[in-house]
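After this come two complexes, each holding chain A, first together with chain B and then together with chain C.
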Partner chain A sequence: MNRTILRLSRQALLGRRRGIVLVLIPGVLLVLAVVVSALTSDPSVGYEAVANLGFTLALPLVTLLAATAVLGPEVDDGSIVYLLAKPVSRHVIALSKFVVAWAATMVFGALPLFAAGLVLDVGDPRRAAAWGVGAAVAGTAYTALFLGLAAFTRHAVVVGLLFALLWEGVLGSVLDGIRWVAIGAWGREVAAAISSAVPDQSMGLGYAVVAAVVVTVAALWFTGDRLRSFTLRGDE
Partner chain B sequence: MSVITIDKASRWYGNVVAVNGISMTVRPGVTGLLGPNGAGKTTLIALMSGFLAPSAGTVTLDGHPIWRHTDAYRSIGLVPERELSFGYLTGRELVLANAELHGLVDPGAAAQRALDVVEMSEPAARRIGTYSKGMRQRVKLASALVHDPAVLLLDEPFNGVDPRQRLHLMSLLRRMGAEGRTVLFSSHILEEVEQVARQIEVVVSGRHAASGDFGQIRRLMTDRPVQYVVVGDDDRGLAAALIAEPSVLSVSLRPAGGVDVSVSDFGAFAVRLPQVAQQRGIRILELTPTDESLESVFSYLVGAGR
Partner chain C sequence: MTDPTSATPEGGSVIHDLGYRPYTGPRLGPAAIARALVVTGFRNAFGLGRSGKSKVLPFVLLGINLMPALVIGGVMVFVGLKRLPIGYAQYASTTQVLLGIFVASQAPVLFSRDLRHGTISLYLARPLPSSTYALARWSSLLGATLVFLLLPILLLYAVALLGELDVTDQTRDAAIAVGLALLLALALTGVAGLVASWSTRRGFAVVATIAVLLIGNGIVTAIQGISQEEGHPRAGEVAGLFSPYSLYRGLMSTWTDTHGPTPPTGTAMQAAYLVVLVALSVACVAALVWRYRRVATA
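And then the complex of A and B:
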């Protein structure tokens, strides 16, 4: 990893308006959890709905924002050339940017899900932890995938949204087989292995973990390779 | 001492050819890459700086290919035309980050030295977002110079820079060339290039149109036929008189009045035109050069290079 890239990426992430949205999304989730918890005395009411919302919407959104913020704008406007005109391994640059986006995903994606779980049912911390760990696993794979998208296309946000909301969200809820190639489903499988209160995805913990690791490693390698072949285009 | 060698390099995007079979060698000293907008200068600099793969041919730095060889950046300093988008950093933070990325032993001292060279030490504490165009250009240059590179590539470095800063940048480039660095900069303005570069490479429409020192390039440009429109009170008589002049290549009458004249020797024509008009009793009402644009100069060079 490269400390300078880490520092610059952190500044790029938090120094823009995206930083505010990154805080806003988990904030809304937590407020929702507090409201639901205050309005109902039965912890089972609304838990699933809030957790599902956090997992299928808030987590991918936060991850997409974080991953595209550390790389997207620099690739879009070509100013990444200032970082790339250096004798630094492109895979080190990719890994450093990943670490910053991953840390943001953990803080603004996985941790709030755990906290929301506790707010909704303080008597079942295992269930909350399950959602938190599941979100951490899915968030890790999402981060690498979205970083790869940011290195690959200028439309990373749109493609990422289509993947998370249309493919995993809408189609995933209709077509059962999509769970095998849906990062969210892998995270849920990990969560189900920790707490029986989380619905099982019936794909096996081993598959879910291996799939998440493979996607993370492959996407990171791809990001580094794309940066190595970064092309500077003139305005002419 | 580093040498960039471009050997029959071409680059195309689908059906569009941006660079067409160019061969040139960029040696220590200052080289000017001259050409109109859209000529392929940025593409050539991208090829030379390893940010573009040639579709055909090779681009090497001291014999080693540059594309996908990150180690080449130990000896390359690049000042792209692209604007800096690190508005949230101060000038010093940016230059320091560049020094750190190069793995320099004392990045702080190297950053200070580079800022001193471009006379940006004082505003370096301000955010880049508050800088003028010229200041941004200088901080970009400081970032490229921070590791003391043997090769310096600059894409349109004088664009948007005020005259005083332009002179400063020019003297800086001259000094770097004199120090034995291989400096190449692009521009679409001949006067700008000839003030700094001894060696000039002219590219037009992706082709290498001319190469030489500024004297040779200037002669190529001024020796070309020049077009004028001459309007007098007897256009037909004027045309008849002018075609007899050795300095005139061709004449034709314009439907709306006036005579199109193609002149091979501008100096002789300037002397003879008033004499001929006086002898024939013709009054010259208007004399207008019609193709003084840079594009026409470049078009001529391309034709001459064929």
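And then the complex of A and C:
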């Protein structure tokens, strides 16, 4: 890892408007959790709805924002050549950027989900922790995947959205088999292994963890490899 | 000020006047410029007149959007169904994620690029007010979104007519769906355009628009589900006023026989849904005009 790259990526991530939206999304989720728990007497009502919203929508969006923020703007305005011209291994660059995006995903994606779970039902911290850990696992794989996309195509954001919302969300709810190739489902499986209150995906904890690790490592290596043979294209 | 189109009068020349004849022919006014801008913008939204690569994304999205309609059409033809398995108005509600992604990804094409690269000053140097520029860009996005929304309706309608379903019924349903689609497109393009003109980074604008549209919709849906479970449908009806998609679903429940969760009951609430949806669009477009006026004077 390279400390200078870590610092610069962190600034790109939290600077100005992007930082605001990055805080706003988990903020809205927490406000919703507070409102729901204040208005309903039974903690079981609304728990599933809020957790699902956080897991299927807020988490991928925060991750996408974080992962594309550390690489996208530099590729867009071409200033990445100054970074690539430095005698630093491209895999180290990819790893440094991943670490920053990953940290942001944990703080703004997984942690709020855990906090929202606690707000909704303080009597069952295990369930909240399950959602938090599940989000951490899914968030890690998402971050690596979206970083790989950002290094691969200019349309990383749209492709990432199509994957997270259309493939995993819309198609995943119709075709059950998609859970084998959906990062969100792996995270849910891990969450279900921790707390029985989370509906499990019946694919086995082992598969979910191995799949998440494989995707993370492969996407990270791919990012470094893309940066190694990077071609700078003009604006369309 | 002298007329810039007239030739320099005798003896009035300055040192760098090389004596070339200026253009003295007819000049088209701001209306023609605005019209050209709308047409170019509309083509650019689908990548026409731009590089081959930028055509891929809009047409892939359009293709995915049309696929369910094609499948439904094929099933109807081969199985010989006597009614459409999905309502015309329901179609946009089912494909709302795709619709959101299309609007969010094409709005920066029209709104962000000129601001980011500074080419906006070239447009504003022409006799074209900044408000007309903003409205022209917005109309282009509206046109593109309408194409995206209306093509599946048209396809389903064609299949329904060829399958000899009742013409009056189908025409009425399709007409309602077209009206609803227009209302939805007004609101979506307003929101997306505003976000895209506020943020000049493309990727960021896309995520921010999606966050506003889909997280807003997700929250409203969650509240509607909970309020129905708890037996307070009124709370869900009020919550429905806060997202374009839920407003669309509410109006769809009012005007067609497809119902979403906690449909608005009572004429006052139904009118409120319509008023809020139109007011949202008007407010967004007004903010857009204001934003470009700021850019023009800055």
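Rule of thumb we're sticking to: the second predicted complex is superposed on the first by the 230 of 236 C-alpha atoms of A that agree within 3 Å, B and C clash if a C-alpha of one lies under 4 Å from a C-alpha of the other, contacts with A are read in each partner's own complex, and residues count from 1 in each chain.
In the analysis below, contacts are C-beta pairs under 8 Å (C-beta built on N, C-alpha and C of every residue); 3 or more make two chains touch, one makes a residue touch a chain.
Source: prediction; values computed, not measured.
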Ask   = Do chain B and chain C fit side by side on chain A after the overlay, or clash?
value = fit
Task = Check whether A:L84 is in contact with chain B, with chain C, with both or with neither, and answer first, second, both or neither.
result = first
Ask   = A:I183 contacts which: chain B (first), chain C (second), both, neither?
value = neither
Ask   = Which partner does A:V157 contact after superposing on A: first (chain B), second (chain C), both, neither?
value = second
Ask   = Is A:L61 in contact with chain B, with chain C, with both, or with neither (first, second, both, neither)?
value = second
Ask   = For the overlaid structures, how many degrees, to the nearest 10, lie between chain B and chain C at the C-alpha centre of chain A?
value = 70
Message = Looking at A:L166 after the superposition, I want to know if it touches chain B, chain C, both of them or none. Which is it: first, second, both, neither?
response = second
Inquiry  = With both complexes superposed on chain A, which partner does A:G46 reach: first (chain B), second (chain C), both or neither?
reply    = second
Request  = Applying the touch criterion given at the start, work out whether A:P73 contacts chain B, chain C, both or neither, answering first, second, both or neither.
outcome  = both
Ask   = Could you state the shortest Cα distance, in Å, between chain B and chain C after the structures are superposed?
value = 11
Task = Name the residues of chain A shared by its contacts with chain B and its contacts with chain C.
result = 73, 235-236
Query = Where on chain A is chain B touching in the complex?
reply = 2-5, 7-8, 11-12, 15-16, 73-74, 77-79, 81-90, 228-236
Partner chain C, residues of chain A touching it in the complex = 17-18, 21, 24-25, 28, 32, 36, 39-40, 45-46, 49-50, 52-53, 57-58, 61, 64-65, 68-69, 72-73, 76, 155-158, 161-162, 165-166, 169-170, 235-236
Query = Across the complex, what residues on chain B touch chain A?
reply = 37-43, 46, 49, 51-53, 68, 70-74, 76-78, 80-86, 88-89, 94, 97-98, 100-103, 143-144, 155
Request  = Note which residues of chain C are touching chain A in the complex, please.
outcome  = 50-51, 53-54, 57, 64, 97-98, 101, 104-105, 117, 198-199, 201-204, 206-208, 210-211, 214-215, 218-219, 221-223, 225-226, 229-230, 235
